[in-house]
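Below are structures written as structure tokens.
In what comes next, chain A is part of two complexes: it sits with chain B in the first one and with chain C in the second one.
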Partner chain A sequence: MRELSLNVMDVAQNSVRAQAKVVTITVAESDREDRLTIEIADDGCGMTEEQVQQVIDPFFTTRTTRKVGLGVPLFKLSAEQTGGSFDIRSKQGVGTTTTASYVKSHVDMTPLGDINDTVKLLIQCNPQIDFVYTRSTDQGSFTLDTRELKEVLGDVSLDTPDVLEWIKDYLEENTQNIVGGAST
Partner chain B sequence: MKSLAELKAIRDRAKAQLDLRKENPNAARVLVGMATCGIAAGARPVLNAFIEEIAKRGLTDTITVTQTGCIGICQYEPVVEVEVPGEEKVTYVKVAPEMVPRIVNDHLVNHNVVTEYTIGAIKK
Partner chain C sequence: MTVKELKEKLNLKTLVEGDLDREVKDCYIGDLLSWVMGRAPADSAWLTVMGNINSIAVATLADVSCIILVEKAALDDNARQKAELHDVTILTTDEPAYPLAVSLSRLI
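Take a look at the complex of A and B:
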């Protein structure tokens, strides 16, 4: 993957397939600690212990259309190649949490890329699921919670073009406030 | 700064139009393959291009754009399936954002399949 935001999009889709109601995406960045941590947590159907071991294997997939499943292995690789770490925890009936931690200054660090676009597309394409996105840096943090938006919107759908435009601008403005000029 | 107050204003405006935008059972569907293979091949800008092109032409009520999984032809990603009610489903392969306006205009609006972008054309 060219950007970590694409890995997020990919792995978040596993949550969608697991029939999650709420998907929490957290991107925590610290230049001081030279760390970037991405966490994707859901309240979907979860996996057995055996399945958790299997998803790390590229030759395991529940799909019938092809024989490989690279989503989780690629995400894991992206973290471990920077000297970071990767963890996936799951409990059947409770949900799954995937955490990838990166050493930002490492030469093999993949750029985060357009994470806002990923969040916007996830919201747009899965209006039945709630997303809680939190981004933090040394300069501060912000959260977008679609449950709060739905409260304001009432029966107006999240995928109304004007609402999506608002979401996009909201994400961009808040990101700029805490990223401090330097693009990631 | 974007505020929730602004969102409220958007809601009030959208509510006025809500009656017009009832779920359309005859809507055409655009399905963009967004599994690992699709995303890695560049499906995200393609999906965005469809959404933008359809919004620009004011066709959001008659065409829905959704994500789909992998249909097993990973080597041809990004793959886009177009379903127009009453017509045969068409599979476009190796789709780039530049190809999107033509697919929307020729196929979705004027019902002429863009044959050279389809899987049939590339497999020959």
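Take a look at the complex of A and C:
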């Protein structure tokens, strides 16, 4: 993928299909440690060890329309080609955690892309699911937890335009506070 | 032109022999796999430096005639096995993609 945020979207959609109630997305970045770590954790139906092996195999897919599935394999490749690592931990009935860790300064590092837009889109398209998004850098961190938003909003759904606009501004402002310079 | 003729005319070495009688009608150059998978034309020779297992999946998905690993780019062992299993022809050359594509364009 041209941007890692697209990989996040892809894996989070897998969580949605796995009937997750809460999806936790963490993007932890450190210039000091030269690391960027993306973690997507869900409380969905989980997978057996065999199924985990299958999803990292590009020749396996649950779709019937074609015989290869490249979402997870390309996510794994993007991490490994920077000298980073990739890991999926899953337990049936408990959930799945996917972790991709990157060496930030590597020349083959894929840009993170518009992660805020990805998070907003996920909330917009799946208002019944809760998302907990945390972004951290050497300068600090912030969290958006839709469970807290729902408590404040009461009956107002998360996918109403005003709420989405607020979410967008919240993500952008808080990102700017902890990401120095022009890159997001 | 078939893959076999292409291989002989361009002096390419065979790493994995799939269906050498397939037609080569086009050529595509790219290394970002997610980009290539949606864009490489079917029945094309795909010039790349990516010799990993995902490349084989992309070649299958895009239905290219063959993969040509340029500049002696390495082919991973598990990629070689998958290519054999899925009948994907993999050729290799010392040349970079551009001069190879120029020679190739004169043939197809």
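The rule is simple: the second predicted complex is superposed on the first by the 182 of 184 C-alpha atoms of A that agree within 3 Å, B and C clash if a C-alpha of one lies under 4 Å from a C-alpha of the other, contacts with A are read in each partner's own complex, and residues count from 1 in each chain.
Convention: a residue touches a chain if its C-beta (ideal position, glycine included) is under 8 Å from a C-beta of that chain, and two chains touch if they have at least 3 such contacts.
These figures come from a predicted structure and were not determined experimentally.
Partners chain B and chain C, once the complexes are superposed on chain A, both fit on it without clashing.
With chain A as the common frame, chain A serves as the apex of an angle whose CA-centre rays point to chain B and chain C; its value is 80 degrees, to a multiple of 10.
Within the superposed three-chain model, A:70 lies in touch with chain B and with chain C [touch as defined at top]. Judged by the touch definition given at the top, the superposed model places A:162 against chain B, while chain C stays out of reach. In the superposition on chain A, contact of A:58 is made with chain C only, not with chain B.
Comparing chain B with chain C, the partner in contact with more residues of chain A is B.
When the shared chain is aligned, no partner comes close enough to touch A:178: not chain B, not chain C. By the touch criterion defined above, A:10 reaches chain B but does not reach chain C. By the touch criterion defined above, A:45 reaches neither chain B nor chain C. Judged by the touch definition given at the top, the superposed model places A:132 against neither chain B nor chain C. Residue contacts after overlaying the shared chain place A:121 against chain B, while chain C stays out of touching range. Per the superposed model, the minimal spacing between any CA atom of chain B and any CA atom of chain C is 5 Å.
On chain A, the surface touched by chain B in one complex and the surface touched by chain C in the other have residues 1-2, 6, 66, 70, 74 in common. Interface residues of chain A, counted against chain C in their complex, comprise 1-2, 6, 58-59, 66-68, 70, 73-74, 77. Contact residues of chain B toward chain A in the complex are 1-2, 4, 6-8, 10-11, 13-15, 18, 34-37, 39-40, 44, 47-48, 51, 55, 60, 66-67, 69-72, 74.
Per the touch definition, chain A reaches chain B in the complex via residues 1-2, 6, 9-10, 13, 17, 63, 65-66, 69-71, 74, 117-118, 121, 124-125, 148-149, 152-156, 160-163, 166, 169-170, 173-174. Chain contact summary for the complex, chain C toward chain A: residues 32-35, 37, 52-54, 56-58, 60-61, 82, 86.
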